[in-house]
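There are two complexes below, and they share subunit A, which is joined by subunit B in the first and by subunit C in the second.
Entry: the complex of A and B
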């Protein structure tokens, strides 16, 4: 499947916007991207290890909530991580 | 909404007219913050704490009603900093109440509700959200805070600062309460173009030692700040909306009294068209803002980025700038004089470009949101 990152996240993945990973769930897809780009982990997850609320997850354009990490995904699916941050 | 407007007229308009409006120009020229006596009186009248829960001694209004109150206040109030400071203070007080331990909430929030102390949001670090330089270092069971917050609205009169620092023990952003009289805290005025009575200040803290109970949120302060800013977008524009309405009414009266070529300026079709465009700007901005305010009652309240809030903030600010600029254009030299106040309002409205997320960032975020949601869905449907 494909994971798409944008905006502020790109510098943590060497500006690799689209990343192909093998995954059965949304959570596995995130783990796979983090395994490839270690710097992303602290950005995606908070101090407790949970995915930060500020990152919104979309599978094929449908937003999935915090509990969506267990959602099954297939080879043709696209997971997009939207980080709509303002102020700084 | 007429009932809310009437409530504001009866309870607060006289106070605003007699005790807030008279010093507006001087405060703008000198960069003096809204006086504490005015803020305290607004608490006594039930305005400062209008949206704070009744259990804490506030008025208990929901954010929809509070937004409409702020709009009406903006209509009556000639100092745009006043509704801005009120809404910010209430938002920070509510955020502290939601996150603090009962002991801290009791000690800190109660004086905020009574208007005896004032609360600020000290976020901006002069970096991007993942590179904050302000830090908290663990020292036994306490934390040592070092940081520099360069733009703190209300900071000049602030007593309690909800601030965001990177914890060195977990490399995550935490939210702490810093107080004005904590040793190591310094507050300096910051010169700004608009909202000059909102007390913009720089907050610096060096080796400030705090107990663990001053840590409101132990991690993911980024999400905490984004939730806070999401709501701020819907509320911070409300005062501006009211002022936009007042400007249009003021201009309509002014061009009706100004004679050119033997007839009132208001009879020139170009002037009528300008007034028409200003009216459209106000009414469409109100529609966008009220839709966002309705979201406080109906939308998912856990959203860190509600597009309706972002659209409302973006659109109202753009229309406010258009309205104030149109006022200057149509009234010519008269409008350019300081007593007309239009140039001051324009500077205030420009302040909205940065507040609650800069306009250009909101454009990017809205575009990315649409792309994530609609673009991918469209591709999926095409592939089916």
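Entry: the complex of A and C
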């Protein structure tokens, strides 16, 4: 499946906007990206390991909640990790 | 009492076109003044973000040229800056009044949304309110209640617009601030580029000469959804029958990011 990152997260994944990973769930997809770019983990997740509320997850354009990490995904699915807003 | 922070800006040629103070320079005073005001009256800008986990995202911009000004008209500009906060602590109204030799030449009015920043790595944020310890330091006269009028109103509703141009836009690093988020002060430059590009390709349309040769009198924009580094969108430009007014819309795949209005002409306070 494809994981698309943008916004403030790009510099933590070497500006790789689209990343192909093997995953059965949303959580596995994120784990796979973090395995390639370990700097991502601390900015994407809070101390408990949950995705921070400042980032939103979408599968095929449909938003999944922060508790949606168990949601199954298939090879053709696209997971987007978006930053809604940043402070400046 | 409303506290005023003042500062001088020595002039340099990069701040100007032959016609006027660049709109992006003027818009930049909105940010520079905020940094001056913060440091003088609350905390420094870095401390606001780092120590208080708080930032501001600009959602409304108004630039107005009040009097003629070219590079040789003064040695420096004087900027007077004020800040007002909504009682709830969620919204700011920022105002920079720009004088040259004691004469009002321009002003910048901004509407800023307070955001809270839970971690400093990305500066990713969510809407919030000023911490009480900071909100308490605003004078009663610096507070307001109720809604803030939309900056785009009748100036765009009562105009018969016709499509002029459409182009692809990508946000590059040069458009962005410390959070890799586009900087509001870049918006006047982005849409002016689109207008001028249209003017250069509009053939013998008499509005093209207006588009290319007339100074900006007023710029108004609403930023409804941030864009980030390397994001893409479509910039659509419309104009009126005179070529003096332009409406620009920046749309991504699913959302409108910004709507901007340009009005060309001599400064509103010019004789």
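Basically, the second predicted complex is superposed on the first by the 87 of 88 C-alpha atoms of A that agree within 3 Å, B and C clash if a C-alpha of one lies under 4 Å from a C-alpha of the other, contacts with A are read in each partner's own complex, and residues count from 1 in each chain.
Everything below uses one rule, namely that a contact is a pair of C-beta atoms (placed from the backbone, for glycine too) under 8 Å apart; a residue touches a chain by one contact, two chains touch by 3 or more.
Quick caveat, the model's predicted, so the values are computed rather than measured.
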item	value
Subunit B versus subunit C as contact partner of A:17, first or second or both or neither	second
First (subunit B), second (subunit C), both or neither touched by A:7	both
Subunit B versus subunit C as contact partner of A:63, first or second or both or neither	first
Which superposed partner A:48 touches (first subunit B, second subunit C, both, neither)	first
Contacts of A:84 with subunit B and subunit C, given as first, second, both or neither	both
Subunit B and subunit C footprints on subunit A, overlapping residues	6-8, 12, 42-43, 46, 52-54, 61, 84-88
Residue ranges of subunit B in contact with subunit A within the complex	123-125, 127-130, 167, 170-172, 218-220, 222-223, 225-227, 229, 302, 304-305, 310, 356-358, 361-362, 364-365, 368-369, 371-380, 383
Residue ranges of subunit C in contact with subunit A within the complex	49, 54-57, 115-119, 121-127, 177-181, 183, 226, 228-231, 254
Of all residues in subunit A, those that touch subunit C in their complex	6-12, 15, 17, 42-43, 46, 52-55, 61, 83-88
Complex contact set, residues of subunit A against subunit B	6-8, 12, 42-43, 46-48, 50, 52-54, 56, 58, 60-63, 76, 78, 80, 82, 84-88
